[in-house]
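In the two complexes that follow, chain A is the common piece, with chain B as its partner first and chain C second.
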Partner chain A sequence: MASEYKGPVQAYVIWIGIAVFTFLVLLPIYVLIVISFGAPSQTVATYYPYLVPTKWTLKNFISSFTGIGQNFISAFYKSLETAFLVAGLAIVLGFHAAYGLSKLPGKLGNLIIGVLFFSTMIPSLTVAIPLSETFLRLGLYDSFIGLGLAQELIVLPLSVFLMMGALQSLPKQLEDQARVDGASFGQALYRIIFPLAIPSVIAAFLLSWLMSWDEFTFAVIISPVHPTLPILIYLASSARGNILTAASFSLLVTIPVIVLTLVLSKFLRGSYLTSGLVG
Partner chain B sequence: MIATRAPLRLNDRMIAYLLILPAILYVFVFAFLPSVQTIFGSFFLASGKFSLYNYQFVTSSFGYSPIVNTFEVTVIALTVQFIAAFLIASLLSKPFRGRAVFSAIFLIPFGVATIVTAVIFHNMFSTFGGYMNSFLVSIGLKPINWTGGFWPPLIALILADSWKNTPIVTLVLLSGMVSIPSDLYSQAMVDGAGAFRRFFYITLPNLAGFIAIALMIRGISEFNIFAMALLIFNRQLLTTMTFSLYDTINPHPAYAGAAILLGIVLIFATLIMLYRSRYVRVV
Partner chain C sequence: MTAKLELRNVSKSYGKQLVISDMSIEIEKGELFVVLGSSGAGKSTLLKLIVGIERPDEGKILIDGRDVTNLPPNKRNIAMVFQNYALYPNMNVYENIAFPLKMKRLVNIDAKVKEVAEKLKIAEILNKRVNQISGGQQQRVALARAIVRNPSLFLLDEPLSNLDARVRYTARSELKRIQRELDQTFVFVTHDQKEAETLGDRVGILHQGVFEQIGKFEEIYEKPATRWIGDFIGDFPMNFIGNTGFRPEWIQIGSGPYVMRVDYSESVGGSYFVHGTTDDGNSLILKSEVPYAAGDLAKFSIVKSINFPDDGKT
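So, the complex of A and B:
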């Protein structure tokens, strides 16, 4: 694309486009900040809220932790536990599966990739409802372990594809060389292959963590009594809750995640998402 | 060397099978068994009797509008997201100063949780204390009742969903655009092809594989749009309908809703696969 003609007109068009989309991307974030820190009389308690409030306050934030907001700490903790379980499992199950798949002959490998790919198409609701029945019987209902096991379904295939793409690009000789030099299978795998695949492992970990942090469907069905943060925000913004609580918690949930997303963007390439699906 | 390698390979393959096994078992237990349970369960009553009653119950209490609404949302949202993603990806595929910064900014919505997006847009598009109406009034237009009529709630939902999900489409399309050799474009320009012809005869055909992937990823999630619809959309979608049927004492009507959802998603996925196998040659 670099060889396309770049006249002054095109430069203007690019900058106008960039400006428009930057505005659209940042506008909702601005609204969230305004609702969280603006005086309620100028935001939620007026028919036409001020586009730029003149009074700012920290009171919304402090009063968020009353009422339904008292559950914030436990919800935060539950979200955290679940996200780390999901991301950890994605690496443990996913890395080994990705390595195994990169060793398998074409036909069988494609079949397994097909099965994994097919599992990403199954709607969460279709799985969540029967799982909630099973978990009730097994005592996993409302626990972070049950929720994590269920959420794993949305992240596992993607993690496998992501790490498989990276593993396939490693030179085969490295591993053969290590084996010839007397390294055992495990040594070659964990000492040679794993460190080389670290960027894709980090990407898979962060992506899984983020998807679990964000996940709503499984959480609302499998863990409604002791909710995760997204469910708490949902409860706070629905009829019985307080919209200011919802907005403040939304901001608290969002800030660390935006930071993580920017970190992730260093590791994640669009081509990762497409590996495993291509071919 | 050769003598030691042959048995080693065989061993390796056994270990490869063993390493894949846990992931396969996981998918079997947590994806396929529950799906089968949903499909079977949808044909039985709580008493254990085979019956089509669950489906009759669903269609008699909700009609076919959840299916129609789901299709409307999916088609319009995909159109909006692909147009926006094409524009952003073609901007980002050009070299200009600060490109890395803007790539990062355009990725921000991807990191904002779905429910947070729903809360924000719920506030922007509410009739009481809504920022969109404030803006409309401030430029001298009439406020709109965003929860009434056909288009207003649909527009609010589509905008919220597209804001959140355009980045992932952009990411996939951009990685495709970067892979198109620039010679193709310079050749076409020498031959006198304008921007539109270059887009339709070079960019689109070369992107077919990436478009199929983005359609697959987004299309399936679009049918499953749930959290946002709960907060922003006042009509029923297949997901919200199934959720309102959900009951741990008698899950069978919800099974019927979930089975319909599964069926529609699988039909959609098959169509995309057909498109891929027909139009994508070089992969």
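So, the complex of A and C:
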């Protein structure tokens, strides 16, 4: 007869787990902070770097923006516009595709999505070079539109899959009821179905945005002249730059991610997924 | 605007399964017509065909003489209340009721919503979310949403089955009252005989995709058209000896040519219903003013009966 009573040990196990997990996640960020703001003599210039430096400085951070670092603002902007294009396209194209697929009989929709996922198994590198050749001819080379379209390939199947799942779990009766109540097909889709699928739409948006923000392979091949931020960080940490710049920029790269996640998190809770159906 | 609803030779199959079979029926203006049948008889399919969510394989559907068979649901001007109400979860009560008016871009929405809410006594909950109100209130919101657009026809799919017994009783009489007040045509689907009996002007018995009998409930009770209906309708199933069918109260117990061995007596209302078996194996239920004990022999004569020929239909 198992008891529900949790002993003192079991009650704390979950807290210990959370603490360990948080520690592991925050540790790399901590390292970045130390390298960015600690005196180089205590961090990168010695054999035994201090775990907690005693001398802090803003000089590393400020000098990052010289040399290669001058391009920080334009790279930041490039990453930003590409990411929003990718995420926007993902939900506009993806939502309608997901709706259509969710209406297919039986498992046909899932089958099609499975096939589309297959395409994401192809390494980006093999596609990137022929793609840039075509883009050169189309005038899309080095543009955020070209890069966005290429990244869309990776991002679209997952977005469609996420939204399809949500749409399939919506009761068909709500849509029927809307039509009976006088809604046209479009009105039923955008006034009833779409609002109820919003958590999945936001999730797809966020995931696509993140995948684009971090994306490297397409970015370095299709858009090298005006690079995105990950490319800039790479250049900064190789021979032409230095590790201090790389660390500072890496920290900055995470800020939009945190902001966006916080802003969108309230839509992800799905508290208004509770259905109006009874019984 | 009330409607005469007409189905002409309507058939519908799902895959190989024939659900509605060559059905023709006319429902009068202002009538409360009840479709009574057990699960799987095709009741929900029938409603879906009328409202336009499904298309018939064959046949026509006419409202007030207008052929709506090929019209989508939003052009038929029919209101439907689903069994589980299908309230829009992302809107509150007011917005749910206003929705049909918004879709048709009507004016004076606020006044109309408030008027219907008053009539159905849900004016106080207009700004609550739909998952914060009780089942009975949800049902009234669904009804309000249907009524507010003044449609020519109302379809209700088992609207009382999700309510608990106490609420169901009052909701039943309220529905009747609303229908009378609105003087509109209602088609009401249920598996509950009591609802059919108390609410319907006419009742249609739906069995295996066909209306086996249509008429007033009392008429169907007294003169069932088929053996199946005799068995299905009534507090107790009809008794059968061979092809002769008779209701428990259509006999005189105490003396007569027939005999049955009693299993037990049940007391219902002021009378007794005696369950037993005849020698040739028929299980019968007879109405009696006095109880019989198990093992007794009860003699009875049949005062009234209906003869069902071998194919099961009179």
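Operating definition for what follows: the second predicted complex is superposed on the first by the 227 of 279 C-alpha atoms of A that agree within 3 Å, B and C clash if a C-alpha of one lies under 4 Å from a C-alpha of the other, contacts with A are read in each partner's own complex, and residues count from 1 in each chain.
Convention: contacts are C-beta pairs under 8 Å (C-beta built on N, C-alpha and C of every residue); 3 or more make two chains touch, one makes a residue touch a chain.
Everything quoted here is computed from the prediction, not taken from an experiment.
Is A:Leu174 contacted by the first partner chain B, the second partner chain C, both or neither?
second
For chain A, which side has the bigger count of touched residues, chain B or chain C?
B
Name the contact category of A:Ile192: first (chain B only), second (chain C only), both, or neither.
In the superposition, A:Ile192 touches chain C alone.
Just chain B (first), just chain C (second), both, or neither: which does A:Ala83 touch?
A:Ala83 sits against neither chain B nor chain C.
In the overlay, answer first, second, both or neither for which of chain B and chain C A:Leu244 touches.
In the superposition, A:Leu244 contacts neither chain B nor chain C.
Looking at A:Gly182 after the superposition, I want to know if it touches chain B, chain C, both of them or none. Which is it: first, second, both, neither?
second
Considering only touches as defined above, state whether A:Thr43 meets chain B (first), chain C (second), both or neither.
Touch partner of A:Thr43: chain B, not chain C.
Of the residues on chain A, which ones does chain B touch that chain C also touches?
The answer is residues 179-180, 185, 273-274, 277-279 of chain A.
Which chain C residues qualify as touching chain A in the complex?
Interface residues on chain C, with respect to chain A: 51-53, 72-74, 78-80, 82-90, 96, 99-100, 103-104, 130-131, 135, 138, 145, 149, 161-162.
Can you tell me which positions in chain A touch chain C when the two form their complex?
So the residues of chain A in touch with chain C come to 171, 173-174, 176-185, 187, 191-192, 195-196, 272-279.
Within their complex, state which residues of chain A touch chain B.
The touching residues are 1-6, 10-11, 14-15, 17-18, 21-22, 24-26, 28-29, 31-32, 35, 43-51, 93-94, 96-97, 99-101, 103-104, 112, 115-116, 119-127, 129-134, 136, 149-150, 152-153, 156-157, 160, 179-180, 185, 210, 213-214, 216-217, 220-221, 229-231, 233-234, 237-238, 243, 246-247, 250, 253-254, 257-258, 260-262, 264-265, 268-271, 273-274, 277-279.
Residues of chain B touching chain A in their complex?
Touching chain A from chain B are residues 1, 8, 11-13, 15-20, 22-24, 26-27, 30-35, 37-38, 41, 84, 87-88, 91, 93-96, 102-124, 128-131, 133-135, 137-138, 143, 163, 168, 171-178, 180, 182-183, 185-186, 189, 209-210, 213, 216-217, 220, 223-224, 226-227, 230-231, 239, 242-243, 246, 248, 251, 254-255, 257-259, 261-262, 265-266, 269, 283.
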